[in-house]
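Letters A, B, C and D mark the chains in the order given here, with residues in each chain numbered from 1 onward.
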Amino acid sequence: MNDQWRFIASSMPQWLEDCRPYAHNGSPAAYIPELAKAPKEALGITLLAADGSMINGGDSSFMFTMQSISKVFTLLLALIDNGEEAVFAKVGMEPTGDDFNSMLKLELVEPGIPFNPLINAGAIAVTSLIRGSSPAETTERILAFMRLMAGDDSIGYNETVSSSEAATAYRNRSLAYFLKDNNVLEAHTDVEQVLSVYFNHCAIEVNCRHLARMGLILANGGFDPLANRQLLPRRYVQIAKTFMLTCGMYNASGEFAIKAGIPAKSGVAGGILAVVPGQYGIGVVGPALDQRGNSIAGVRLLETMSVECDWSIF
Amino acid sequence: MNDQWRFIASSMPQWLEDCRPYAHNGSPAAYIPELAKAPKEALGITLLAADGSMINGGDSSFMFTMQSISKVFTLLLALIDNGEEAVFAKVGMEPTGDDFNSMLKLELVEPGIPFNPLINAGAIAVTSLIRGSSPAETTERILAFMRLMAGDDSIGYNETVSSSEAATAYRNRSLAYFLKDNNVLEAHTDVEQVLSVYFNHCAIEVNCRHLARMGLILANGGFDPLANRQLLPRRYVQIAKTFMLTCGMYNASGEFAIKAGIPAKSGVAGGILAVVPGQYGIGVVGPALDQRGNSIAGVRLLETMSVECDWSIF
Amino acid sequence: MNDQWRFIASSMPQWLEDCRPYAHNGSPAAYIPELAKAPKEALGITLLAADGSMINGGDSSFMFTMQSISKVFTLLLALIDNGEEAVFAKVGMEPTGDDFNSMLKLELVEPGIPFNPLINAGAIAVTSLIRGSSPAETTERILAFMRLMAGDDSIGYNETVSSSEAATAYRNRSLAYFLKDNNVLEAHTDVEQVLSVYFNHCAIEVNCRHLARMGLILANGGFDPLANRQLLPRRYVQIAKTFMLTCGMYNASGEFAIKAGIPAKSGVAGGILAVVPGQYGIGVVGPALDQRGNSIAGVRLLETMSVECDWSIF
Amino acid sequence: MNDQWRFIASSMPQWLEDCRPYAHNGSPAAYIPELAKAPKEALGITLLAADGSMINGGDSSFMFTMQSISKVFTLLLALIDNGEEAVFAKVGMEPTGDDFNSMLKLELVEPGIPFNPLINAGAIAVTSLIRGSSPAETTERILAFMRLMAGDDSIGYNETVSSSEAATAYRNRSLAYFLKDNNVLEAHTDVEQVLSVYFNHCAIEVNCRHLARMGLILANGGFDPLANRQLLPRRYVQIAKTFMLTCGMYNASGEFAIKAGIPAKSGVAGGILAVVPGQYGIGVVGPALDQRGNSIAGVRLLETMSVECDWSIF
């Protein structure tokens, strides 16, 4: 246990107290009843180091759905299933500057593939590449991958949230059919089946400790220091972390890169997965969102910690 | 029979001969096999006057699907069913300058309703307003309306074309789900049911004589001079003709208004319904399309006739 | 003097009283001090018939700058100077659905020429085509043309307004340089010189009677019934009236076509030039504008009159 | 001299030989005669380490204008002159996904400030913030800063290139006036004066050695290891490197981050400034550009080296 670790552990209560009030200025995602019910002022964090040391703060046991955070892992699984070339034939590598559910660039910019795998359009395209003979099997493969990454076989998805999204996600349906029209979703791909897998993996339930464990593996280039084995090809982890830095926080990604400077991915349930390369995996949750869709207190907490601990990779 | 009528009748063979070669520079719509099979060089026209006089030229008996031309009549039926206020709560009155299947303005311009009833998004919204307890019943009501307007009870829709569109119209599905997300399609509206009605009415089969008859009624403010009765409220006919002039020829509407200056509506099967107010109804067909989706020879024919006969309403 | 004329004359006081309160919901253009000073509740109208009969109502003697109304006449002059082909090589024929000062379509749609001559970009391009060896000479030619059309040699432009625009019209400058970059403004064209002519013709001062006289000539296909001579080629007048109908009221043109159905062109000083084809020229002024930039009471007045008198050309 | 350094030194001839042919698929920027004259197949590189060791390859002495590379340093100077808060009131932190000279987001996204300081609009805004009582003085301050960073007092700007840009840069003028209209350029700011400074700093001439020296200082957090002093606040250097990673390679920045993973900034004269944090400064030149405006062979060379040397920061 080094000095920085002790500093973090001792400062955490104060940081949580300082950041929690920011939740007043945001609100939980309203479009799914289950998400809207989340406790607005919850704020939790887990840091996990390679030696297994863990700092938990606040509501770190609070369970929430991964939502967009799952996109990092479906990208990894699609890369494992298909390789880089096949994946990047269907999705680009560029940040967009547009909202996460925007269709503008699909219509305006040739060749009409999603700009990156972390916007909704890109994540739906990526989901379509994950192997499985049925939506149930594909969902099961994703769950198995999440369990492996989180080191917890009890992880599952919240069927109420998944069904609720399936019943109302008209914008995602619109995106998916646009992708079908642009041949990003291929002829043999059934739009509703892809969407059902997509809603399932967005509804996978975790807590901060799970995210911290997943983040630790990314922080170590795919190597799980606790299980002492390489879980993922290092190159794919590098790709995932690059996208997290350039596109992980919706269209506030650039700002988060300037202010915190570490790879991170947020979800509309208020979770944030963050990585301090070579050091820590971090899981954060705070259901009240800012206008961009990021946890308002969670972002503040990570920015504070990054500045205090000098984590920026730049 | 007046001088202009005789002039038209005697000039028609030459006009057809002059305009037919333009078809070389276009091609039939390719996205539906049935449409792609259309004879590229076909060109037909029917003019119908209030006294029942008719001039037929070229392939005027050629049967084709109405496609977007049907949007004029679904607008009329939606107005009859709901009144102006309810219809224009769901669709605007402005030309867009964008492609007929564009989604840009739905995303960019508040309040996110389609700009007008003649682009695809607007026509889908309008279709959702036509009464009927089931897609079959709504389709039947539209068919009955078309038969009344065309004065031919044998009119039906081409199930092969309708099914073919239903199987592949991903862009229209994408539009419809976007409308659902924007609450233009209401909570109780089933997207697939609306689309099935939409594909059915686009697939209604007519020939130039049918269109000329429909156009004659529009030319006379909703009064059918052959049946000697008012079929439609004059105000709704006025609305329909205004939209035909400002938005009827996709994003070449402005150019057609400058060059021909008469209300017209085209469809991607190559048909054009045109109206010389107070005088004639006109049906034209020529399956080879220009880049905007209008019959390339048909547009040329109407522009030629309008200039020669001084038809512009301006 | 026919029945309609008597009806209009007798109804006018009531119509003005009914429409004047709409001014409360709008405001004069604020970006030029001179315009902002305009009396918000002013409302004036002149109707002029071919026999010289005139109805004046309200503030019909109020002097105001033409602003965008001048675009109709610079288009006519550019057509006279260059012919249709040369003009339409630099400007399109399509309504845009975008704001009058938008640059979106210049960037997004090939070949990057303005969509029509009545949006700012198009009007600047048109102004560059009007002959003259210097901005002063071109301005003088435009003034001479306006005087001829209005039948009043005293017409001039307001130098305070023109200078004020010249000093602050950054958006128009931005548009003009974009046009220069796209080669719409040609190599030999000096942007500042074109803009100075543009600001001058926008600042030409008229009252409702002037506009009514100009409109009467357009209503009669370029023939001046009071001077008993053809002032303009009928074809060019037809073109101008077509654009007025499809694009004359900014991005409320479609709505005005549906509700009033007559060619009209508005300006941000609150003026509207309207044409009842074959019958009347109309000038209206009401400085309070709606969100689209049209005179809020003036639009209401014209819509009321058109409905009451059944003026729609459709 | 460590193993990696020896590996780079010995591999460089082969890497240059492998990458040079990519120039065939690109061309020098054509819009300025001086740039178009550049030798298409030139390819040069300099690596500089903190101990002063240097590897030069190919045309490393070739002089070229910095163009967009200068934007990194004007950002640094603007931060020094004004602090973070003032700078980020005028320019955002987000990648755009649009072309470097695009105006779309300025029109579409409130509050209408440029998305980041490395697109043209943002760099013009940043230039307006650099102190100086005249364009000449501001230019001189920028030059002095570049000389300090490059350790070479002989650095100057190419007046032919600057004048050539000043004479033809209509799109940049259009951008600048748009910024003026949006109050990003303030009331007291003269557009032409800002542009003259902008064209001057884009025309500053350097070679690969200069860029490598500048890059070395960025690689060391603003500390110049050769002069043994802190030249820049570490925080500002962090900001600059973050923008280089997220936005430095135009709208191929995301792809370069995935493939090379190091902060870099390109210019249309073919230069690239790259930074291997904590290790090297790198200057590259290759005038033939790809479609995004980046040196086609230079990008290839950096990607090759980054993969071979495992430089990605992710």
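Everything below uses one rule, namely that contacts are C-beta pairs under 8 Å (C-beta built on N, C-alpha and C of every residue); 3 or more make two chains touch, one makes a residue touch a chain.
If you're wondering where the values come from, they're calculated on a predicted model, not measured in any experiment.
Comparing the centres of all chains, each the average of its CA atoms, the largest separation from chain C belongs to A. If you average the Cα atoms of chain B and of chain C, the two centres end up 32 Å apart. Measuring from the averaged C-alpha position of chain B to that of chain D gives a distance of 54 Å.
Between the Cα centres of chain A and chain B there is a gap of 47 Å. Contacts with at least two other chains are made by residues 108 of chain A. Taken as a graph of touching chains, this assembly is arranged as a ring, one closed cycle with exactly two partners per chain.
By the document's touch criterion, interfaces exist between A-B, A-D, B-C, C-D. For chain A in complex with chain B, the residues that touch the partner chain are 102-104, 107-108, 170-171, 173-178, 180-181, 191. Chain D meets chain A in the complex at residues 92-98, 105, 109, 115-116, 238-239, 241-243, 245-247, 251-255, 257-258, 261, 263, 277, 312-314.
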